[in-house]
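Pasting a structure here, questions to come.
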Amino acid sequence: MLKSFARGEIDLDEAQSQIKLQSFRAVGEMAKLDVCRADRIGIPEAILAEGKDNADLLAISLSHLEAAGSVIITRVSTQQLETLLAAKLPEDSELVHNSKAKTVVMRSAKPKSIMGKVGILAAGTADMPAAEEARVVAEEMGCTVLFEYDVGVAGIHRLFPCLERMNDVDAFVVAAGREGTLPAVVAGLVEAPVIGLPVSTGYGLGGSGRAALYSMLQSCSVLTVVNIDAGFVAGAYAAKIARQKAYGQKQS
Amino acid sequence: MLKSFARGEIDLDEAQSQIKLQSFRAVGEMAKLDVCRADRIGIPEAILAEGKDNADLLAISLSHLEAAGSVIITRVSTQQLETLLAAKLPEDSELVHNSKAKTVVMRSAKPKSIMGKVGILAAGTADMPAAEEARVVAEEMGCTVLFEYDVGVAGIHRLFPCLERMNDVDAFVVAAGREGTLPAVVAGLVEAPVIGLPVSTGYGLGGSGRAALYSMLQSCSVLTVVNIDAGFVAGAYAAKIARQKAYGQKQS
Amino acid sequence: MLKSFARGEIDLDEAQSQIKLQSFRAVGEMAKLDVCRADRIGIPEAILAEGKDNADLLAISLSHLEAAGSVIITRVSTQQLETLLAAKLPEDSELVHNSKAKTVVMRSAKPKSIMGKVGILAAGTADMPAAEEARVVAEEMGCTVLFEYDVGVAGIHRLFPCLERMNDVDAFVVAAGREGTLPAVVAGLVEAPVIGLPVSTGYGLGGSGRAALYSMLQSCSVLTVVNIDAGFVAGAYAAKIARQKAYGQKQS
Amino acid sequence: MLKSFARGEIDLDEAQSQIKLQSFRAVGEMAKLDVCRADRIGIPEAILAEGKDNADLLAISLSHLEAAGSVIITRVSTQQLETLLAAKLPEDSELVHNSKAKTVVMRSAKPKSIMGKVGILAAGTADMPAAEEARVVAEEMGCTVLFEYDVGVAGIHRLFPCLERMNDVDAFVVAAGREGTLPAVVAGLVEAPVIGLPVSTGYGLGGSGRAALYSMLQSCSVLTVVNIDAGFVAGAYAAKIARQKAYGQKQS
Amino acid sequence: MLKSFARGEIDLDEAQSQIKLQSFRAVGEMAKLDVCRADRIGIPEAILAEGKDNADLLAISLSHLEAAGSVIITRVSTQQLETLLAAKLPEDSELVHNSKAKTVVMRSAKPKSIMGKVGILAAGTADMPAAEEARVVAEEMGCTVLFEYDVGVAGIHRLFPCLERMNDVDAFVVAAGREGTLPAVVAGLVEAPVIGLPVSTGYGLGGSGRAALYSMLQSCSVLTVVNIDAGFVAGAYAAKIARQKAYGQKQS
Amino acid sequence: MLKSFARGEIDLDEAQSQIKLQSFRAVGEMAKLDVCRADRIGIPEAILAEGKDNADLLAISLSHLEAAGSVIITRVSTQQLETLLAAKLPEDSELVHNSKAKTVVMRSAKPKSIMGKVGILAAGTADMPAAEEARVVAEEMGCTVLFEYDVGVAGIHRLFPCLERMNDVDAFVVAAGREGTLPAVVAGLVEAPVIGLPVSTGYGLGGSGRAALYSMLQSCSVLTVVNIDAGFVAGAYAAKIARQKAYGQKQS
Amino acid sequence: MLKSFARGEIDLDEAQSQIKLQSFRAVGEMAKLDVCRADRIGIPEAILAEGKDNADLLAISLSHLEAAGSVIITRVSTQQLETLLAAKLPEDSELVHNSKAKTVVMRSAKPKSIMGKVGILAAGTADMPAAEEARVVAEEMGCTVLFEYDVGVAGIHRLFPCLERMNDVDAFVVAAGREGTLPAVVAGLVEAPVIGLPVSTGYGLGGSGRAALYSMLQSCSVLTVVNIDAGFVAGAYAAKIARQKAYGQKQS
Amino acid sequence: MLKSFARGEIDLDEAQSQIKLQSFRAVGEMAKLDVCRADRIGIPEAILAEGKDNADLLAISLSHLEAAGSVIITRVSTQQLETLLAAKLPEDSELVHNSKAKTVVMRSAKPKSIMGKVGILAAGTADMPAAEEARVVAEEMGCTVLFEYDVGVAGIHRLFPCLERMNDVDAFVVAAGREGTLPAVVAGLVEAPVIGLPVSTGYGLGGSGRAALYSMLQSCSVLTVVNIDAGFVAGAYAAKIARQKAYGQKQS
C-alpha cells in the first residue's frame, strides 16, 4: 500500500484511511487475544459440545475446521456424535472419535510435526475421561504422549515402573478424584512440572472433585492445577511446556 | 557390604539385616517424597512463619539452613523478623529480608549457578506481596527474574513493552486480584506457559481472591493456577519450568 | 362522592365509610407496588413457566393477557408450549413463540409506539437463550434491538464492527458464561450503560455461571449485573433506560 | 508521517516501521480498555486505599491527580488520611475528605459542567458509608445528587415525600443491608432505573450483606445490582445513566 | 402393683423388678421424645415418602395408622400413590389424597374436635405444594384453615381483603419463594404470629429457596421460619399455637 | 373534616385535597409496615447498636424514646454504653442496662400491663447473651419471663424440674449453640410452641452456630427458628404468642 | 539370594542389582500404602461401581477377586448388577448380592475365622442403604454384626432393648440423616466407640446429609464420623476396632 | 423404700410418690446422657473456655472439679489462665497447665489406674496445639501416650521409626493441616484404628483446615475424623478405644 502511495496510485486520504483501517484490524485482532484460544501459539480450536444443539454444533465445527484446519469437540453426547459422524466433511478431512474422552477431532489430513513428550497418569477407570481428553489435545498439538491409567487400580507399585518409563517426559498431567493426592505424590518424585487435574468423583462433603481440587491447591508439593475435569486445558498446557522445551532444544 | 559378605567379613544374618535396613531407609526416604519439598529437584526448603512462635521458628529455620544450605521463610511478621534478625547465623551464612514479600532467606554464601528466565507481572501495589514472594523463590532457585508490577496502575498499555522486554522468558507468573483477568490476557498473548496467581484482594461476593481464582479456573485461555496468595508455589513452579528448559538446552 | 355528600345525598357515616374504603383501596393498590411488576411503568407482565402445570399456566397467562393486554411467558417447556399453542386466544390476540429464548408472548394486536434502542451481545450458542430472553422483553417494551451473538465464536474481532454498528444504542445487555469477562470489556469501550448478564455455563469450581457473576461483581469496570440467566430482568432494565432517555429527548 | 514519506523524507522501511509502531501503540491503548476505568467516558480515576501502605498510596494518588486532573480515593483509613492531608498537592489543587464515605477526592480546581440528576436512598446510619461513597463519585462526575438516608430509621412513610422530591432524577441508587428489600420497593414505584446497592450489615446466616444481595438478585422487580458495599460502582453507573440522558436531551 | 405388694401377692424382688421395669419404660419413653413426633401433644404421625420403596412405605403407613389412628404421608410420588390407593385399609379407615400437596392421609373415621383457626397465604401456583402440605396437617390437627394462594398472582391488593377475612386467625403460615418478602410484609400487618415458609423456587444465586430463607432470617419483622418447603412443620406449628390458644380460651 | 365541609367551612377542593392527603398518609403508613417494627402490635422499637457511631446512636435512641415511649438498644459496646449512660434523658424516663445481653432499654416510667408468660432455656454461659436479649424484649413487652440458663452446665437433669416449673408458659425460647439439639428435645416434651434460637458457638465445620441452625431446620420435632444470635426476634415472637393467648383468655 | 551369592552362584553385580530391585519393590510396595486399601490389615478390596461402565467394572472385579480372594462392589446399579450376575466366576467362587446395600460381594468360598462383634443402628428405611453397606463389609471382615434399623420408625424406646442386646459389641456404627442426633445419643449411652454415619436424607438448608454431618462434628459427645453415606468406611473401621480387641483378648 | 412400705412405715401414696420421683430422676438422669459428657464411661468433664468471662469460667470449673473430681479446661486465654492460676483450689487438688495445648487440668490428687496406649502424630509446630489437646485428655483418661510431632518438619522418614516405636498402641490420633494427607498415609500402614484430626492451617481456598477435613472424608483409607482442631474429642475417642481393649484383655 505504501508503495502504491509512493507511486501516487492512491492519495494521502486513501493511504491514511487504509492505515487507520489496518490499525483498527490490529486492534480487533488484538482484542481477540484477551479472550480465547490463540491458534498462532499452537493451541487447536476447541468447542464445548455440552448444551449446544446438533445443528449449531455441526455448523460451528465445520466453520472452525475450515478456518483453522482442525477442531477438537469435547463432551460430545451420543446424539451429537451421530450428527457429527453423519456430516459430510471437506474432501481432505478426517474425523476421529474417542469414546472414553467423548471428544471428536476433525482435521485436514496434513502431517503434523511431532515434538515434545507428555506423560499422563491416572488412578483408574473413573479418571479416564478427563485423562483421555488431555491426551487427545496433547497429541493434536504434536506431542508424543505416554500414559498409564491403572496406577491405582492394579496397584500403585506400578507407579514406579511408569515413572521410569516416563523419565524423559517434559511435563506431566496427573488426574485424580476423591482426595486427589496422586499429583502431589508424583510432583514429589519427578523433576518435570506436574499439572494436577482434579476429577469429579467422590460423594458427600468434598465430593464431585472438590476435595481433590482443594487438596491440590493446599499441597506443599510444587504443583499447579486446572479446574475439575478440565482435561483440555491440562493437556494443552502440558503440550505447551513440552513444545517450548523441544523448540528450545532444537534452537540451541 | 556385599563385598564384605563375599569376603566372609560379615555373616548371612548381618548381610540380611543390613539389606533390610537399607531397604527400610529407601522406604523411609521414599515416603518422604510424597509429602513435601524435595530438595534433590532444586526446590529450596521453605517455612510458613504464620502461626509459629518466635523460638520455634528460629530453631526450625536454623536446622533447615544447616541441613539444606538455605531456607526461605515466608509470611514473616514484624515480631518474628526481629527474632530472626537478632539470631546468630552460622559463620558463612547470610540473611536477606524482603519487606514487600515478607520473606526472609537464610543461605550459606555459595555462588549459585544461574539458569532459566522467569517473568512476573502484577497490576499494582495490592498484588505485590504475592508477586514478590514468587520472585524471591524463583531467584533463590537460580533463575533470572524480570518483573513489572505496575502494569495496571500506570496503565496496562505498559503490558506490551513489558511483554516485549520479557519475550524470551521461559515461564510467566501473573498475579491478579478482584476479577483476576490479567493471567488470561497474558496467556492469550505469549507462547511461554503462564501460571495464574490469584491475590486476596476484593470485598463482597467473590472477594478475598475467590472471584480471581474461579475466573482463572473457568478461563478459556490455556492457563494453570495455584492457590490464593500462593506466591511461593507459583515462583517455584515457574523456576522449575525455566530450569528444565535451560537444562535441556545445555544438554542438546 | 364529596359532591353527593355536599348535596346531602349521602350522610356523614356513608361519606366517612366511603373515604375509608378509598383509603383502604389506595393502601392495597400501594402495597401491590412493593412486590411485583408495575405495568404502569411499561414493564410487561411476565410468568415463569418453570414448575407450573399446563392448566394453571394457561389460565394465568390468559388472565394476564386479558388484564394487561400482553404477557410474556418464560422458560416454557416443550409440553407447556403445546398447551399454549393449542389454546384459544381472545379474538384480536396473537401468540409469538421464540424457540431459542423458550418464551411465548401473547398480546392483543395493537401497534406499539417504538422508542429507545438496546444493544445485546453474547459470545456464542451457549449464551443465546439468556440473550434472546432479554431481546424478547426489550422488543415487547417497544425498543429497537440490535444484537450480535457470535462475537466470541466467529472471533471477537467482530466486537469492534458490532460496537460501531451499535454506537447509538442507549443501553447494552452483555451475556457471558464461564469467566464472564465480556461485559467488563464492553463497559470499558462504550459510553452507554452496560448490564452484565451471567449465563449458567461452565463446569467445576465456579461453574453454572458463578464465576461469571462473581467476576462481574468484582470487575473494576463500571457495570451492574442481574442474576444468572435472568435475561428477562436484563432486557427490561435496558429497555427502561432506553425508553427513559428517548422520552427525555422527545420532551426537550 | 505519510507526507514525509510522500516527500521522500523517510523511506519505505522507515514508513512501514512507523506504521507498525503506531498499530502497536493502538493495540496497547486498546488493550488498556479491557481492564479498567476509562477516563474518556467520564468516570474519574479511583484508588482503593485498603491494603496499601501510606507512601505508596500517596504516590499513586498524586500521579493520578497529575495525569487525570482528579482522583477519588476510597476506604481511606484514619492513618492513611493523615498522610494524605499532610501531603503537598500541586498548586491549583484541592483535597476534599468525606468522613462518612471514608473517601478523599483530590482535584485541580476547575469548574465542572453540571448535568444529570441522581437520587440516593438508604434506610439509616449503617447504610451511610456505602451510600455516601456513591454520592461522592456521582457528584464528582458532575451530577446533582438528591439523597435521603433515614427513610427507614425515621419511618419509611418518609419514602413517599422523598420520591416526590426526587421525581425527576434520572437514576436511583438504593442502599440496603440485612434482607435488602428497599431497592425492590423503590423499583416498583419509580420509572427511573434503580441500582441496588447491598450493604454489609446483618449477622448470622445471610449476614454481611449476603441476604441483601441474594434477595435483590431474586427480586421480581426490574432492578440491577452491584457488589456488596460497592458504592463507587453504583454511584458511577447512576451518573453514567444520568449524564447520557442529559447529554441526549441537550443534543435533541 | 404396690397394692399387690402390700397385699403380699407379689414379693419384694418382684416389686423391685416391676418398678425397675417401669422406670426403664419411662426412660425409654422419655428418650423417644428427644427425637420425633410426640403424638401425645397432638401432632399426627408423618412419613416422608421420598426415597422409600413402595412396599416399605405401605407397611410403615399401615403400622402407623394402626398405632396412632392416623398418619400423614408427604411427598408421595405418582408410583407410590398407586400402591397406597390399591392397599386394603382397616375397615373403618379412609384415605384422602391431596394432589397439590402430594400428601396422603390415612385415618380411622372418627370425628375430630375442631378448634383453633389458621391462616395460610401464598403468592401463586409455585408456592402451592408447600402451602397445601401445611394446610393438610393443620386441618388434620383439628384446625379451621383459611387460605388464599393467589395473593401475588391476581394482584397483592387482594392481600388486604384476605387479611380482613382472616382477622381472627390464631397463627399465619406465609409461603414465599424467590426473594421471599411476603412473610415480612404480613408480619408487619397482623397481630397473630407469622411463620415464614420458604419455597424452593428461583434460579441462579440464592435460588432454590435460599434467598427466601436468608431474607426471612434477616428480616427486621418479628417472624420465625421453618426449612425450605417444610410445609408439614409450618402447618403443625401454626396449629399448635392455634390449639393452645383455643384451649386456653375454653379453660378461662 | 367532613363535618367542616358539610358546614361549608371548607370547600370542595380543600376537602378533596385533605382526603387525598389522608389517603397518602395511609399509604405511607401502610408502606412502613412492610418493612419494620410495628409498634401498634406491641413490639417495642429496637436499634442495633453495632456499627453505629456514638453520637448517631444516641440521637436515634432519644428520638425513638420520644416518639414511642421506649426503645431497646441491642449489641451495645462498652464505649457506646458510656455515651448512653452519660446522656441526659427526658425527665420521666429511665435507662436499664443488661450487661449479659448487652442491651440498654430507655423508657418513660409508665407502669406496664403484665400479661402472658414466656419460658427461656439455655445450656450455659456461652448461650446467655442471646438468651438474655430474648428475655429483655419479652419483659419489655409485658410478659412474665421464667428462665433457666444452666440446664446443660449443671446437668440436663435440671431440665425436668425446669419444665415442671415452666409448665404453664405460653411459649418457649430455647437457645443452643454447637449441634443445637436442645430446642428439639424441649419441643418433644412440651405442648407450648418452641422457638429455636441458634447461638454462634462452636468452631470448625458447622461452627459459629451454623450446625445449630441447620440441625434445628432439619429437626423432625415441630419447631420454628430465628437467625443465629437473634435473641430480639425470638423473645419478641414468644411474647407475641403469649400476649395473644393471654388477650384471648381475657376476652373469653 | 544372599546364599546364592555366598555360594558364588551369582556374582556381585547380579547381587547388587537384585538387592536394588528388592529395595525398589519395597519402595513401590511402600508407596502403595499411602493411597489405598491395605489388604494385609484385613480390609477387603472394594470397588465403587458408580460411574464405571459394565465391562470395566466386571474386569476389575474379577481381577481383584483373583488377586485378593474376595472383592466388595458398592453402589451397583440395576444394569451393572445384571452384568455381574451373568458373569462366569472362577470355579470355587460365590457371588452375594445385597439389594438394600446395593453391594455385590464376590469371594472364593473359604471359611472365614469369625471374631469381633459390631453393632449397627439406624432410624429407618431411609438410612438402610448406608447401614447395610456397613454391615456387608463388617461381616466380610469376619465380624458378627448385630443390627437394628427401625429404632426411630417403630419408636426410639426400642433403642434401650437394642442397646441391651448389643451390650457386648466392640464398636457401633450409627447411621442418621436429617439432623443426625442418634449417634450422639448412643455415644452418650454406651462404652464402646461409636462411629457416626451421616445419611444423605433431608431437603432444604442442611439437606442431603449436611446437617447430620455438621451436627455430628459439633457434638459434645465423644464420637468420630465418616463422610455422608460412607457405609463402607464406617463398617470397615468398626470391624477394625472389633478385630483388634478380639485379637488382643486372644493374645492375653 | 419398698421395705418401708411393706413394713407399713410409709403409706401407698407416699410409696407411689417416691417411685414416681425415682422414675422421674431416672428419666432426668437418662436425658442427661443424650447430650453431653458421660463421666460414668470414663470421659472427664471438659469446659470450652473460649467466650466465657473469667468469673464464670472459674465458678464452673470449681463446681465440676468438686462434682467430678477433675476437669479439663480447653482453649484457655492468657487472661483466663491468670484467673485460674490465682484461684484457691480445694485442699487436695492440683492444677496443671499445658501452654501448647492451652489447657488447664484441675484434679484431686488421686492416683489413676493406667491402662491402654495411644499414639499421637503430627507434622510440625502448627499442628501441636490440637495434638497436645488430644494428649492431655488421653493422659487424663489414664492412657500411656506416645507422641511425635515433627514427623513432617524433620523429614517424614522419621515416620517409620515412630511407627515402629508405636507398634503396640491401641489407637492413633494423626493431626494434619493444609491438604491433610498424613492420617491416610498412617491408616494405610498400621493395624490400629486411626482418628484423623484436621488442623486449621492453610490459607486460600480450602484453608483453615477445610481441605484437610474434606480430604480425610474422601480418603480411600479406612479412617474416621473429628472436627477441625477438635483435639479433645480425638484424644478422648482414642483413649476410649484403648481403654476398652485394655479392659477386654484384663477380663480374658
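Chains here go by letter, A, B, C, D, E, F, G and H, matching the order in which they are written, and residues are numbered from 1 within each.
By our rule, a contact is a pair of C-beta atoms (placed from the backbone, for glycine too) under 8 Å apart; a residue touches a chain by one contact, two chains touch by 3 or more.
From a predicted model like this one, the values you see are computed outputs, not experimental measurements.
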Where the centre means the average of the CA atoms, what chain is farthest from chain F? A
Working from the CA atoms, figure out how many degrees chain B turns to land on chain E, in steps of 5. 180
What whole-number Å value describes the gap between the mean CA coordinates of chain F and chain G? 51
Centre-of-Cα separation between chain H and chain C, whole angstrom: 59
Between chain C and chain E, what distance separates the C-alpha centroids? Give it in angstrom. 39
Among the residues of chain A, pick out those that touch two or more other chains and give their numbers. 24, 27, 31, 34-36, 181, 184-185, 204-207, 210, 213, 217-218, 220, 227, 230
Pairwise, the chains that touch are A-B, A-C, A-D, A-G, A-H, B-C, B-D, B-G, B-H, C-D, C-E, C-F, D-E, D-F, E-F, E-G, E-H, F-G, F-H, G-H
What does chain G use to touch chain H in their complex? 33-38, 41-43, 170, 181, 184-185, 188-193, 195, 217-218, 220-227, 230, 233-234, 236-237, 240-241, 244-245, 248-252
If we count contacts the way the header does, which residues on chain B are in touch with chain H in the complex? 24-25, 27-29, 31-32, 34-36, 48, 50-53, 56-57, 60, 63, 198, 200, 209-210, 213, 227-230
Using the touch rule from the top, collect the residues of chain H that touch chain A in their complex. 178-181, 184, 202, 204-207, 210-220
State the interface residues of chain D toward chain F in the complex, per the touch definition above. 124-126, 152-160, 181-182, 185, 201, 203-207
For a test of understanding, state which residues of chain G touch chain B in their complex under the given definition. 2-3, 5-6, 12, 15-16, 19, 22-24, 26-27, 30-31, 34
